[in-house]
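This is the structure, below, for whatever I ask next.
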Amino acid sequence: MGDHPTFAGPRTFLQMPATLPDGSPPEVTVVGIPFDLGTTNRAGARFGPSAIRDASLMLVDGDHPEMGIDPSRALKAVDAGDLSIVNGYLEETLDLIEKQVEGIDNHLVTMGGDHTVTLPILRAQAKRHGKGISLVHFDAHVDTWKDNFGAPIGHGTPFHYASDEGLIDPKRSVQIGIRSPTDRDIMSYTTDELGFTVISAEQVHLDGVMKVIETIQETVGDNIAYLTFDIDGIDPSQAPGTGTPEVGGLFTWQALAILKRLGGINWIGMDMVEVAPAYDHAQITAFAAATFMWTYMCLLAQKNGEAG
Amino acid sequence: MGDHPTFAGPRTFLQMPATLPDGSPPEVTVVGIPFDLGTTNRAGARFGPSAIRDASLMLVDGDHPEMGIDPSRALKAVDAGDLSIVNGYLEETLDLIEKQVEGIDNHLVTMGGDHTVTLPILRAQAKRHGKGISLVHFDAHVDTWKDNFGAPIGHGTPFHYASDEGLIDPKRSVQIGIRSPTDRDIMSYTTDELGFTVISAEQVHLDGVMKVIETIQETVGDNIAYLTFDIDGIDPSQAPGTGTPEVGGLFTWQALAILKRLGGINWIGMDMVEVAPAYDHAQITAFAAATFMWTYMCLLAQKNGEAG
Amino acid sequence: MGDHPTFAGPRTFLQMPATLPDGSPPEVTVVGIPFDLGTTNRAGARFGPSAIRDASLMLVDGDHPEMGIDPSRALKAVDAGDLSIVNGYLEETLDLIEKQVEGIDNHLVTMGGDHTVTLPILRAQAKRHGKGISLVHFDAHVDTWKDNFGAPIGHGTPFHYASDEGLIDPKRSVQIGIRSPTDRDIMSYTTDELGFTVISAEQVHLDGVMKVIETIQETVGDNIAYLTFDIDGIDPSQAPGTGTPEVGGLFTWQALAILKRLGGINWIGMDMVEVAPAYDHAQITAFAAATFMWTYMCLLAQKNGEAG
Amino acid sequence: MGDHPTFAGPRTFLQMPATLPDGSPPEVTVVGIPFDLGTTNRAGARFGPSAIRDASLMLVDGDHPEMGIDPSRALKAVDAGDLSIVNGYLEETLDLIEKQVEGIDNHLVTMGGDHTVTLPILRAQAKRHGKGISLVHFDAHVDTWKDNFGAPIGHGTPFHYASDEGLIDPKRSVQIGIRSPTDRDIMSYTTDELGFTVISAEQVHLDGVMKVIETIQETVGDNIAYLTFDIDGIDPSQAPGTGTPEVGGLFTWQALAILKRLGGINWIGMDMVEVAPAYDHAQITAFAAATFMWTYMCLLAQKNGEAG
Amino acid sequence: MGDHPTFAGPRTFLQMPATLPDGSPPEVTVVGIPFDLGTTNRAGARFGPSAIRDASLMLVDGDHPEMGIDPSRALKAVDAGDLSIVNGYLEETLDLIEKQVEGIDNHLVTMGGDHTVTLPILRAQAKRHGKGISLVHFDAHVDTWKDNFGAPIGHGTPFHYASDEGLIDPKRSVQIGIRSPTDRDIMSYTTDELGFTVISAEQVHLDGVMKVIETIQETVGDNIAYLTFDIDGIDPSQAPGTGTPEVGGLFTWQALAILKRLGGINWIGMDMVEVAPAYDHAQITAFAAATFMWTYMCLLAQKNGEAG
Amino acid sequence: MGDHPTFAGPRTFLQMPATLPDGSPPEVTVVGIPFDLGTTNRAGARFGPSAIRDASLMLVDGDHPEMGIDPSRALKAVDAGDLSIVNGYLEETLDLIEKQVEGIDNHLVTMGGDHTVTLPILRAQAKRHGKGISLVHFDAHVDTWKDNFGAPIGHGTPFHYASDEGLIDPKRSVQIGIRSPTDRDIMSYTTDELGFTVISAEQVHLDGVMKVIETIQETVGDNIAYLTFDIDGIDPSQAPGTGTPEVGGLFTWQALAILKRLGGINWIGMDMVEVAPAYDHAQITAFAAATFMWTYMCLLAQKNGEAG
C-alpha cells in the first residue's frame, strides 16, 4: 500500500499534479468542465468534476487487477484543473470551451459537465485530428435531437451538430445503452439517415458483451475514435447521480468488460459526462465514472507499451 | 423535443388531462390510490401515486424506442386523479375502492398504494369481466397468506381472498420474482393447492427472460388477464423505495424485456403497487414504476392497431 | 377536517384551480418559474415550484391559527401553472418571463426559480404600477452585484439592475437577513450609494423582530411595495434546500412573526425564490417557502376585509 | 466513562433491562407502541420506538449535567418492549393498547407511535388515577378535531375524545407550541368551549421560557398531570423526522428548559409520539425525543429524593 | 404469519434470544463486533451489527422459499450480543476478540465490524479446529496486503497474516468477486506465491454461477472451511453501505445462488463484515448481509438433517 | 464577483495555495488532520478536512460583511494539506501529529479530525509558546474524562491530559455550550478541581451572547489563548454532521456573534474538530465549520492592522 490512506492528500484526479515535476510536457491531460446549462431535467453536473476527483482517490496506488497497469504511474499525466466557463451563458461557454481545448496539445480526458460540452470538444479535436471521427458513445439517449425543447442547443443535441458539421462519421460510430423515449422520427434520423449503429441496453443484456465488443470493433475499424461516456448509459441503480436517468440500463461490469477490451481502437480522447453528485448516493456514481476514466487511461498506457 | 422541459408543467401521469378535451370517453383511465394501511413493514405507499406521476414526466413526449409508440398520444387516456379513501380504516377503504372502481367503465390502470388494493380492484373487475381472471403477478412475495400477523386482511393476503372468491384462476396465473421467506405451508398452499405457477427470481436469472415469457404465455393462454406489479419484485438496488424489499430480485431490464413481449395477452387492467417514495433515492423506484406503466400502455396501444 | 387527507388530490398551490370555477377573473394568481440558470453555486431551483406546491398541501383546509384566515377560501385565487422558459438560455428567458408577467393583470405571487427572475417581474410590475417600488427583501445576500462572475446577469445582480433602471427605490427599501461574504465596495454601493436599509441577520437576532418590523414600516411607508423572499435569508438548518446557504441566518419563526405584522404595507406582489429541493430534507425548506406564501396571502385577504 | 462505547450493547431504552435483575417490581416502565394508522400525512411512526431506543444509547452512563441525575441508575426502571397491535386495524388496536396499559401498575412512559395512542393510554390512566387529568401537551396541533378527514378517529382527534369522556380537564391543561393551520371553529372550540390554555410557538419565542413555565404551573396546579409530547411541537429543523411538521416551532433548548423546571408537577405518566425515522436525518429527531424522555425521568428521580 | 409485524419486538438477529429458554447450550452463536479501526477509507462498520440485526427482522418467521428451512426454528441458536472491544486501540482489540471467541465452543457466526476482525477469529478457530482451514472468501479485495498504508495491521491485511501463521491453507481457498486496484506484486503474491484461487467479479458475470460453485467445491474439497463474506464483494448498487466499494461487483442473486448450493462444504464458521450503515440506503446493504447470514444458517440446518 | 464561480477551481481552504507564490513564509498555515480513531460514537471525522475545504469555496472572494475583511487577501496564508497519520494506530498518530505541528513555525489553524488531535497540538504549542495556555473551548462535552470507555485516550480525554501536563490553565479557560450527560464526579472535577469556567448551552440561550463574551474576556484576560471548536457545541439541527451530537445546543449565529467580538484575545492557534460529513446534510455542518475558521482568520487579520 501507498504512504497515506485514501481519505488524505490532494484531491485531483488520481492525485495527479497540475504540471509534471520535471517540467516535461504531459502525455495525457485531464480537465474538468463544471457546466450544466444544457441539462433538460435535473441540473447539477457542474459538480461532476469535483465528485469524480474525490472518487478517484480510491483508485490511487494500485494496478488494474487484470491489466496490471497503474495509469497514473504508467503515463505522464496531469490534472490541469477546471476549464473556465461563462456562468449562466450557454453558447458563450461552448465557444470558450472550444478555445481552451484547442490550447491543449496532448491526449485530453475531460470530466463534464453535461453532454453539451462534447460539441466544442469535438470541434477542437476535429481541427487537430481531422473530421470524420468515430464516436464510441455510451448513453441512454441518442443525443441527436435537432433542438432542446425549442432552444437550439442543449445536452440532447451535440451529435446532431457534430454530424451536421462533419466532425464525426456516424456511419463508423456506435451508440451503446440507448433506451430513452425517442420520437420515431429522431430514431430513424439517427440510424437510417445519419447511419449510427445503435445498440440498445436490452441488446447488451440479451446478446452479451462479447458481441457488443465485436460490433464496436467492426464499426470503428482503424478510424480515429473518440469515447464519449454519458454516465446515464449505466443503470440508475448504479449511477443515480445523473440528470436524466432511464431504467433498464447497462451494468458497470458490462461497460468495464467492453471498455477494457477496446485497446485496439485508435483513441484520440475521451469525456465522462453527466455526473450530478446531488443525486448520487454513497459516491457510487462517481466511483463508476472514475473507474471508467481509469480504465480508459489503462488502454492508453497499454498502447505506450506498458506491460499488463 | 416538446415545448417545455420535463421539470415544468402539470404533474399528472404522462401529463394526461383529467378528462379528454373533446369530452369523449377515454379508452384508458389512470387513477392513484393513496393508501398504505395494509403494509406489514415500512409504510409510505400513500405517496406512491404522486411519486410515479412526477417520474412519468421523463416519459412525456417521446415514443418507446423499440415499440415506436407514445401511449399518451396513441391512446385516449386520462389521469382521473386519486380515489377517495377512509383515512385510517382499512376495510372501509377497500369497500370504497371497490365501489369507485366499479364506476370506471374503461381500461383501468392503477397506481397504488399497497398491494391490499388489488383485492377490491379484482372484485370490481370480476363483476365487469367475469371471474377466473388470469393473474400475471410480479412480486417478491406470493401474497397468498391467510392472515396479516393475526388480523384478517393486509398486503400479504389479496390473492388468498381473490382465489377463495374465485376472482382469479390461480391455475392460469403466474407469479414472477418470488423470493421472500415463506412458510412451506403457504408455499405449498400457493403452488400445490391453489395451483399458481411460481417463477422465482433465481429462475429468471438462471433461465433467462425468453423462458419466462414462454411460461407466462402458456399459462395464461387466451384467458382475460390482469397485471399486478408489486415494485418489490424488482431488486432493492433498483427499487429501494418500497416497504418489504427482498434482495436477489429481478432487474428492471428483465421485467421490461418480459413485459414488452406480452402484447398477445388479453389484458383487462393493471396495477402498480408498493412504491414508497420515502425510501426511494433519486426517484429511481418511481422511474421504474412509471416505465412499467408506460410500457403496459404501449401494449394497449399496439392492440389498438398503433404501428410500432 | 376536509374531505381528503393531505397526501391525496391535485398538487397545485393550496390545491387552487387553474381557473375559477365560475369563470370570474381571479384576485390573485400564483405561478411557478422553473428556472435556475442564474445560480452561482448549487443549481436546482427549477424544481422549486413543484416542491412548494407539494408542501402547500399541508396548508390546505385550515385557517391561519392566529390570523383566522384561510387564504384559498378568502381570496379568489388560482394556480396558473408554470411560465414558459427558454431552456438553457438566460437572457432570452428573462425577456420571456417579462412578457408573460405583463399578461397577468391581477395580484401576482411567484414561485421561483432562482433570484434572477425578480428582475423581469419588477420590470413588468413597474410598467403596471409605476417605478420606484419599495422592496422588502429577505435574503442572505444583497444581490446588488454588478456582474455574475464576469457575466452580466445572474442571481446576484437583480437589484443592481432594478436600481439602475429605477424600478425600485432603494432608499425606501429594506434588506433583512444579510450575512454573506461581500466586498466592502459592494456593501458600500448598496447602503451608501443606493441607499438600501440593510438589516443583518445578527441584528435581527440581537434586536428582536419588533424592531425589524418598525424599521420596515418606517422605511417603506405608504409606497407601493414588493416582497421578494429568497429562502436563503432563512438559516440553512431550516432551509437547507437552496443553492447558496449562509450560516447564522433568520429563523422561520422570526420571518413569520415579521411578515404577519406587515398587513399595513401597500403590497403589489411577491416572489419566493431559490428553493432547490435536491438539497432539501424531509421537505422542510419547501414547507417554509409555502408557509411564507400562505402568510402573505393572509395579508392580502386581511386587506380584502376578511376578519381574522 | 462506562465499560463499552455507545455503539455496542443492548438497544433498549437507556439499555434498561426488560425486568429488574432482582425480580422486584419496577418504579417506571417504558414501552413502545409501533403504530401509525392514525397519521394524516406522512406515516412511519411505527418505527419511532426503535429509533428512540437507539438514540437513547448516547444518554446511557452519565448524569444530567445540571440536575446531576442518571435516571436509569436513580430509578428502578425497565424497558418492557413493544405493546401488541392489530396490524392494519385502528380501532381494534386502540382497544388492545388500552387493555395492555391497564395491566401496567407503575409509572408508564410510552414511546409512540402516532398521537392516536394517547387516547387509550388516557382511558387506562383515568381508570387508575381518576378522571380530570391535567394535560401538559407539547404539539404544533391542538389535536381536538372531531373527525379525521371524515373518519371518526385519527391522530388529530385524541383530545376531543379525551375531553368528551372527561378523562382530561382542559381547563387545567396547557398546549405549548401550537401553530398549524386550524379552522377558527376548532380553535374556538379548543380554547373557548373546552377551555384549554393554548401557548403558540410564537408566544414561546416572544415571551421566553420562564413565562411559559409559570403559565403551566399556574394552570396545572396540584392536579394529577400527564405529559404528552408530540415531537412536531419542535421545529422541523430540529425534528424533521415526523409526519406533519409545521415551521416556526419550538427549539429543543426551550422545551428542555421548560421541562426540567416542571419537577413540582404531580406527574402520572408521559408519552413521546410522532417520531417517524424515515424522515429523520442523522438521528437528530430521535435524539431530541430520547432526551425529553430522559429529562422527564430525571424529574421522576428528583421526586424520589435523588439529590442533584 | 407470525404474531407481530416486523417493525415490533426485540431487535436481536432473527429475534433470537441471548440464551436458550431451556438453558441448554446453543448449536450456533451469533455475535456482533462493533469495530472499524482497521478501515482504510470510510469508517462506520462499528454500526454494522445493529444494522444487520434490524434488517434480519424481515427474515423472522418464514422458511427459505426454496430450501424450506427457517434457521431460527431449525437450529438451537442465540444472539449473544456484542463482543467487547478496546475503544480506539486496534491491536489490543484484536487480542480481546481472540480471547472472547476462544470462549465460544459452538458454531460461531459473526457480524463485523471491518475485515480486520477475521484474523483473531481465525486464530481462535485454528486453535479449536486445527490449522490449514479453507477460506471461502467473498470480497472485492484480496486482503493479503502486508501492511496498511505503512502500519502493520488493517482491514487489507488479514489473509497475509492468516496465511503466514498457517491458519488458512490458501491452496485450498477461493476468493470470489475480486476487482479492486491491486499492485501486480500483491496479486502475484496472492495467486502464485500463496496459491489462492481468485475468481474475479468479471469471471462470475461471464462464466456464470454454476462454474463458480464447481470451482469452490473442487478447491475446498472436504477440508474444514470458513466463510468470510466482505459485503463489498457485492456491487455498490446493492451494497452501498460499506467503506471501500468497487464498481462492477457481484449481484446478490449470484452470491445467494452460489451460497445456497454449498451445503456440502464442511463449514466451521462464518463472518459477515464491512457493513457501514451510514452509507447504506433504505437498509438494502443490511438486508443483503442479513440474508447471506440467514442462508448460511439454512446450510447448517440442512446438515442437521432438517428437511427442505 | 471573482473570476470563476464557487463550483470551480482548486479545493483547498479558501482556495489558498500550498506555498506563497513569492516564496515568502506564511503568517498563517491551515492544515487538515484526517483522523477519527478517538471517536466514541459515530466515526467519520477523517473526512472533515475535505468537507470543510469544499465548503470554504463559498467564502472565497468577499469580505466579512461586518468586519470588512477578506482573510485570504488580508493574510499571507497557506493551506499546507493534510498531516500524516498512522492508519489505525491512535497513540502513534498523536505522536506523529505533535512532531509535525512542531515543524510549523507560524500561526496554525487546524481542521480535524476528532477532538483527540487537540492534545498533541497543545503539546507542540506549549513547547513553542509556553505552558498555561488559556483555552476558549466551544463544545457540548467537557472532554476532561480520565479515560475513554476503559482505554486511556480518546476524544473525551484531551483536556484531562492537557490540564494534567500543565499545557493549559483551566482557571483561565472557558467552555461554552456544555450539555451532554456527564457524571457529577467529572463535572465537579472539571469545575471545582481543575477550575474551568463552564457556560452551559442553556446559559447562552438564557443570558445572551454579550454576557458570554464578557465572561470569556474576563476569564482569559491577556493570557495567550487557543481556540478549540468542537462542532458539536452547535445544535444538531445546524451541525448534524458530527459523531456525538447533543440537542439543545448553540446556534451558529450565537457562536459567530461571540467569536467576532473576541478580537482582543491574544490568540496563538485554533482547531475546528469533529466534522463528520457522512452525517451532514447539504453541507450545512461544513459551511458552519468553514465560517468559524474564516471568522477566526478575520480576527487575526484585524490584529495585523487590517481595517474593517
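In this document, chain identifiers A, B, C, D, E and F correspond to the written order of the chains, with residue numbering beginning at 1 in each.
The rule is simple: contacts are C-beta pairs under 8 Å (C-beta built on N, C-alpha and C of every residue); 3 or more make two chains touch, one makes a residue touch a chain.
Remember, predicted model here, so these are calculated numbers, not experimental data.
Of the two interfaces, C-F and A-C, the higher number of touching C-beta pairs belongs to C-F. Equivalent interface to B-C within the set A-E, D-E or E-F: D-E (over half of contact pairs identical by residue number).
Per-chain Cα centroids separate chain C from chain D by 37 Å. Per-chain Cα centroids separate chain B from chain F by 54 Å.
Note on chain placement: the centre of chain B and the centre of chain D lie 40 Å apart, centres being C-alpha means. Listed for chain C are residues 3-5, 7, 40, 42, 46-47, 87, 148-150, 235, 237-238, 279, 281, each touching two or more other chains. Residues of chain A touching chain F in their complex: 3-5, 7-11, 32, 34, 46-47, 50, 54, 81-82, 84-85, 87. Residues 40-42, 145, 147-150, 156, 178-184, 187, 200-202, 205-206, 235-238, 240-241, 244-249, 279-281 of chain C touch chain F in their complex. The touching residues of chain D, counted against chain B in their complex, run 36-38, 40, 42-44, 46-47, 86-90, 92, 116, 148-151, 153-154, 278-279. Residue ranges on chain F touching chain C, taken from their complex, read 1-7, 58-66, 68, 70, 209, 235, 237-238, 251-254, 256-257, 281-284, 287-288, 291, 294.
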